[in-house]
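My questions all concern the structure below.
Chain naming follows the written order as A, B, C, D, E, F, G and H, and within any one chain the residues start at number 1.
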Amino acid sequence: MFHTDEIILAGFGGQGVLSMGQVLSYAAIIDAKETTWMPSYGPEMRGGTANCIVIISDRRISSPIITRFDSGIILNQPSLEKFESAIKKDGFLFYEESTIITPPAREDLTVLKIPAIKEAELMKKKQVANMIMLGAFLEIKPVVSMDSVLKALKKVLPERHHHLIPLNEQAILRGRELAAQQIQMTV
Amino acid sequence: MFHTDEIILAGFGGQGVLSMGQVLSYAAIIDAKETTWMPSYGPEMRGGTANCIVIISDRRISSPIITRFDSGIILNQPSLEKFESAIKKDGFLFYEESTIITPPAREDLTVLKIPAIKEAELMKKKQVANMIMLGAFLEIKPVVSMDSVLKALKKVLPERHHHLIPLNEQAILRGRELAAQQIQMTV
Amino acid sequence: MSTDVLTQELQQGFDCVYEKPDTLTDTRFHYCPGCGHGVAHRILMETIQELGIAEQTVGVAPVGCSVFAYHYMNIDMQEAAHGRACAVATGVKRVLPDRYVFTYQGDGDLAAIGTAETIHAVNRGENILIVFINNAIYGMTGGQMAPTTLAKMVTSTTPYGRETDWIGFPLKMTDLVAHLPGAYYVTRQAVHTPNAVRKAKKAIRNAFEYQKLNKGTCFVEIVSNCPSGWKMNPSDSNKWLEENMLPFYPLGDLKVPEKA
Amino acid sequence: MSTDVLTQELQQGFDCVYEKPDTLTDTRFHYCPGCGHGVAHRILMETIQELGIAEQTVGVAPVGCSVFAYHYMNIDMQEAAHGRACAVATGVKRVLPDRYVFTYQGDGDLAAIGTAETIHAVNRGENILIVFINNAIYGMTGGQMAPTTLAKMVTSTTPYGRETDWIGFPLKMTDLVAHLPGAYYVTRQAVHTPNAVRKAKKAIRNAFEYQKLNKGTCFVEIVSNCPSGWKMNPSDSNKWLEENMLPFYPLGDLKVPEKA
Amino acid sequence: MIKGYIEINKDICKGCELCIEACPQGSLRLSTHINTRGYRYVELVEQNCTGCTNCALVCPDVAITVFREQKPKKAV
Amino acid sequence: MIKGYIEINKDICKGCELCIEACPQGSLRLSTHINTRGYRYVELVEQNCTGCTNCALVCPDVAITVFREQKPKKAV
Amino acid sequence: MQEQISKEREIRLMKGNEALAEAAIRAGMHAYFGYPITPQSEILEYLTEQMPKRNFKVLQAESEVASINMIYGAAGAGARVMTTSSSPGISLMQEGLSYIASAELPCVVANVVRGGPGLGTIQPSQGDYFQAVKGGGHGDYRLIVLAPNSVQEMADFVFDGFRLAEKYRNPVMILTDGALGQMMEKVALPPEGSLEHVVPEWATVGKPKTREPNIITSLFIEPEKMQAVNIHLQKKYKTIEENEIRYEEYHTEDAEIILTAFGLSSRLCQKAVDLAREAGIKVGLLRPITLFPFPYQRISELAHDAKAFLTVEMNAGQMVEDVRLAVNGKKPVFFTGKMGGIIPSPEEILAKVEEMAANINNLTEVER
Amino acid sequence: MQEQISKEREIRLMKGNEALAEAAIRAGMHAYFGYPITPQSEILEYLTEQMPKRNFKVLQAESEVASINMIYGAAGAGARVMTTSSSPGISLMQEGLSYIASAELPCVVANVVRGGPGLGTIQPSQGDYFQAVKGGGHGDYRLIVLAPNSVQEMADFVFDGFRLAEKYRNPVMILTDGALGQMMEKVALPPEGSLEHVVPEWATVGKPKTREPNIITSLFIEPEKMQAVNIHLQKKYKTIEENEIRYEEYHTEDAEIILTAFGLSSRLCQKAVDLAREAGIKVGLLRPITLFPFPYQRISELAHDAKAFLTVEMNAGQMVEDVRLAVNGKKPVFFTGKMGGIIPSPEEILAKVEEMAANINNLTEVER
């Protein structure tokens, strides 16, 4: 059987959800998989939420716009409210701890609450919270190889930020650790 | 059999060929016939020639734009050159004498050369040359009733020129005389 | 917020000295935090409220960030095609000459694609109010260069700064229309400080009062910010406006009616 | 008329001091008798001949009576959509920056439907020459009101005279563009007398010479007649022009380059 | 000094801070909480509000209502 | 006085009479004949043309060619 | 038509353009916005001349883009409005028309078609059928399209146009051509004021306290909302298709060959039918009067007994696609036409018909 | 497609809009003129960002009307040029497009379609098929219309577009949509400079003494001349129809039900075919790649063995008319679609297919 992963990544504009999705998609290409990355666009983004849908598959992807997802990576409250119900039964939900007031209610989901912003602050670089989330996601859902993710980072980050690549790598690894710990705890 | 008359009226702009045609068409309506009046239009008129096609028929007229005519009423040299060949075999050609340098060459046509401008000058109103031509035409080709023509004049002339109606009537009658004389001469 | 609730909450011995006018609906503005559109909306609708002309007013919204103005303004409104608000307003005013008609337009709408409609409406002296929000950028579509974008200013379509030698110069549309005989009252205002807001509101009030006289077009430019497009926080954007926009677009009246 | 024939005919001891330039084709103008378009065409093409730039020049014809300009001008030309000559010329100039590019436009074309394209081309300082024939009427379509039609002037769409209070005012487009920083040289000329023709030709020559400098747009208005549209004979039309057009559209330079 | 107070609709406030800057008394500050739309909203802290309406004048979201102490009424 | 003469292309002339007006010498007049396009064309009548080119300058139809007496050449 | 003309009608000889303008005044048009273009400038000229004497407003706009948006504004304000132009000018109105259709504003737009593409020629043409009928603007919308074939109908269809526009809150296009605009024929004019008008309740005329704001818009940013609007529009178009199809038949009863043609070409075809009938060929004519809604069903019925169809147009073949869709392969459908402002003659059509008749049981369409 | 990608191609993850822009640069575009509009503003943004580093010109025009006329000027001057917009902006270009087609100027115009009509929504749609394919402007003209269905094709079709435009002196439209413009996918970019360009001899580049003036015009005032131009254009379109039809088939060999869809919808259909095949239903897909010229003949051939057709579009049913014209009554043709920016899901299509399959020998089209 062919395999497909459908992921929604959502948060406020500026939290880096779009580039998080791009790293996933780029890594998929490096892994020789098919992929689409589809952002929400237009004025709805204005000061509000930003999200993107990433699909990674063994074969050609039909629509880049879908309404049900295998996993969600959620970085703010409005997005959680919008997308919690859009995650497929028994799917995965990763959310950033400090931005969520009312945690998800669904019981079928595997839910991971990642203190990404706190951890990023510990790393002295608030901006890498998204990579911590990404790492956490990849620990549980290794939809692309870690090797490719690290290569993808180079492609997605603009040249002028390439000095931050090691930090981003670190953040991804930190995210993996956090997820691994949490899963063990819940198990 | 149904009867149709197809007439081309042509000359320089300002000679009144368009209103001559309108008088014909209006008279046709009064005679309860079908009629169309179609002017040449657009920049080709600029300072150059003006012409209109009048069709009068017992039944519905298909195209208002045709390329072969039963009769031609011609008021300048370029128009003669343009339309002489467009008159049907054995048709009728009425031309204003003083404006034509090279007279028509076709032998099948009944040709009447009317000194309309000279006569109009005699009547102290250059502008009625067109009505003299119309009168001449109607004498030979009574496509509408004279009664209706006189009524039509009132409709076609703008209100402010209504005092000129008697003069125009006179001109039409003068045209008829001229044509009658000429036909007799040729016969 | 309805007056009832306020009355209840009102502390003894206090008057309500500022509240949202009824001419604004309860719909929240979708504008970015700190965006001048909100203030401009508010003073426009306050004026209509204060003049008591809401029932006689028809507004025309543009295409731009303020495309949804009709969600907020509690009056009859039309949404015009991009750049055509002045033509639409002309259509309205010609068939409803006794109504107050205004357009509310951004700089891309009014001074780029709508240049001809703007100039000709003013030249005809259409008896309308044109509110022109000049934020030197296309906010709605994501921060592209507007005709009013300042020289050297960075936008998403002038990533290296507006190079006037080949892209063209910031266009002072308000100055242009002030030259037209159809213009009756032309002024440039701003809304970045309390005082500026007071003055801008007065200008709008003047404009509506002049509209009664049937003497020609009133044109009120409001120099405004676009924190998102300019990629600044609201407070910095207002500072930038003061330091960069106002020297080039100085505030004040460009044409005032001659005294009777 | 080719030079050969002239030479043959030339009387001993006489020089030819005026003849049709080679930059005009042998096609007869379709213009009405006495129409200023002919003179404007001629001086434009004479200048191109005299400057020796025919091979480097691309012209843009408008929609209007001069729509057929390309039949007469013996150079590469494009026929633009109504009002869009400035946009078309921009397209040409941007890809052929070392060519001389000009538009030739009537008042309806340039100042009504083409207002936005005109203003923005000048505002960008497109390095082109815009020749603007202002005859205060739409000649081509049969004498309708133009934006430049004078107050009270009778046209086929202002049969009772242009009533400025509801149709709008005659638009001084040249004055408007002179305010734009992209304009380098802006002048208003006429061609109704020998002297006016000489001056107008000089203005066109200036414009082409400035184009070499790459400093912005040159804009030459030519106040002209339309005997057909005005319903006058040519000589009366020129008198009318002198008495009515020139007081409102006074001749002279509106913007000249600063001395280096 | 005249006394005043303001009410801030915290669900509407977008935390643009323009009112904070506009307040001549320095009576306003950003809350540490966020509202349902994710914005830190503004709150009145210092009790020195004069009801000058400056904050309301610059508030782009019409989030502020202003109250001012009644002037003693003149005797009729 | 300088001597000159002009040639008028009578097929091109539209008889607008602008050259007649422009001629300071009054050398031009309308012919009584019409050309192939129906216009009375212009002709040079008075032999007092100075070759000033005024007629050609105002002629909208480029119908006029102007000749002028050669100035005696300066000795080289 | 002729028979229906009541006694109260005033008879005149008029140009099609003038008849249309006069009819608009009599139909109670409140305002007209337009820009000159041959061959329809007489409309604006006629109206400016009449304006001081009668009760309506005219404004010469700065362009066709401005005209159509003025129409938008005035229609939105509840007025009965019209604009007219010819091909290039109508192309400039496509954005505005799409807005008007989406905002559901009633108005009449006449296209006095000239030969294209481009600046083209000013002579009559039918080259804008696709644009009018399939939608030259963006998105799924429909104009109600009426195609007059006489000066009388140039007048009558203005009344029909306003009636339909207001009944369905939909723009109506009168698709005519330069010949019909420029020619004079007899026209019997309906009396002034014979078409009732009420200010629609949705119009932006100033909001009284008693109702919610009226909003004229075509913006529906959420796709679900836009979808709902589209579904509503499609339903409306369906209703129009059910109720408003108009066509005329001429000798179709026993026809083996059915000519189909609209507007001016239908007159040429009528003549061709006469000529062919005289020559003993069984030919008939179906003339769609409404181009949208199109008489698909009637053509489909005729395809039962007829042996072949010939569509005649003054273009490269546009309506013929709709005829083919209607016939749907039941019988071969042929096309003949003239382009660039030339009018095919009845004789040419006859020749084509004779050719078909000679081979009537053996006709096959060329494979596409 | 995938297989053809040569080793020299650079692989990137790109938005469709960016891929199109980057491809235009690599295809040797000389100049781009455009105006911002969602969902395609990235094209202008990308190009202004790249301009100082590469060899081409960009100008942000004052409007779409200006853009298309700048394109006219630059194309007439012999340059390889492009403009892009989205639905409302493309409507504003209709006059200009008609001029460009008539003057026979090569250029590429991309329409990143959004939901209409009117201001509509900014979400993806296919509502502009009629406008692109039948002609939204006036007169008889055709755009060559290419419909990509992937980011890869957003890039590739720019090359094809310029090639076809220049081969036939005809404007080419890339008809895509907001989803294809905004989404990122893998794209293999052809190397820069791989598409040859010669300045055409008809271009207005300044007339040397040795030749007659070059004139770019669409004005042919005499109807005979205009007719000749039209005949020439129609012949050219015929040649294009003979040589340039492109389509893709998927499992059509034994298909009883043929889906037809272009652009994004064809991807949904491909998925639906997979799902249906899994369920044992014999379904295939024909995807027209060129919308003009349209693969009428291939569809007509398929109509032989297939039992029914289902056209799937993101509109109210536009291409379905061309499918019907091709099938010409041989088999029933059904339609399903979503409007207003909504993308139909493969499951919805599957449901429709299953419904048809259940009744496969008894299907009849609703009478129109």
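Please note the rule applied: a residue touches a chain if its C-beta (ideal position, glycine included) is under 8 Å from a C-beta of that chain, and two chains touch if they have at least 3 such contacts.
Being a predicted model, the structure only gives us computed values, none of them experimental.
Steps from chain C to chain E, taking the shortest chain of touch contacts, total 1.
Contact with both chain C and chain F is made by D. More inter-chain C-beta contacts link the pair D-G than the other of B-F and D-G.
Seen from the Cα centre of chain G, the chain whose own Cα centre is farthest off is E.
With centres set at the average Cα position, the gap from chain C to chain G is 40 Å.
If you average the CA atoms of chain A and of chain B, the two centres end up 86 Å from each other.
Centre-to-centre spacing of chain E and chain H amounts to 55 Å, using the average Cα coordinate of each chain. Across the assembly, chain H contributes 38, 59, 62-63, 65, 88, 95, 99, 103, 119, 122-123, 217-219, 221 as residues in contact with two or more other chains. Those residues of chain E in touch with two or more other chains are numbered 14. Residues of chain B in contact with two or more other chains: 42-43, 47.
Only residues 65, 87-88, 90-92, 94-95, 98-99, 101-103, 113, 115-123, 125, 127-128, 130-131, 134-141, 217-231, 233-234, 296-297, 300, 315-316, 318, 321, 324-330, 338-342, 367-368 of chain G touch chain H when the two sit together in their complex. Put simply, chain B touches chain F in their complex at residues 12, 47-48, 76-78, 99.
Looking at the complex, you find that chain A touches chain H at residues 22, 25-26, 29, 34-39, 41-43, 60-66, 155-156.
Chain H makes touch with chain C in their complex at residues 35-38, 41, 44-45, 48-49, 52, 59-60, 62-65, 88, 119. Put simply, chain D touches chain F in their complex at residues 1, 6, 9-11, 13-20, 24, 28-29, 31-39, 42, 191-194, 197-198, 227, 233-235, 238.
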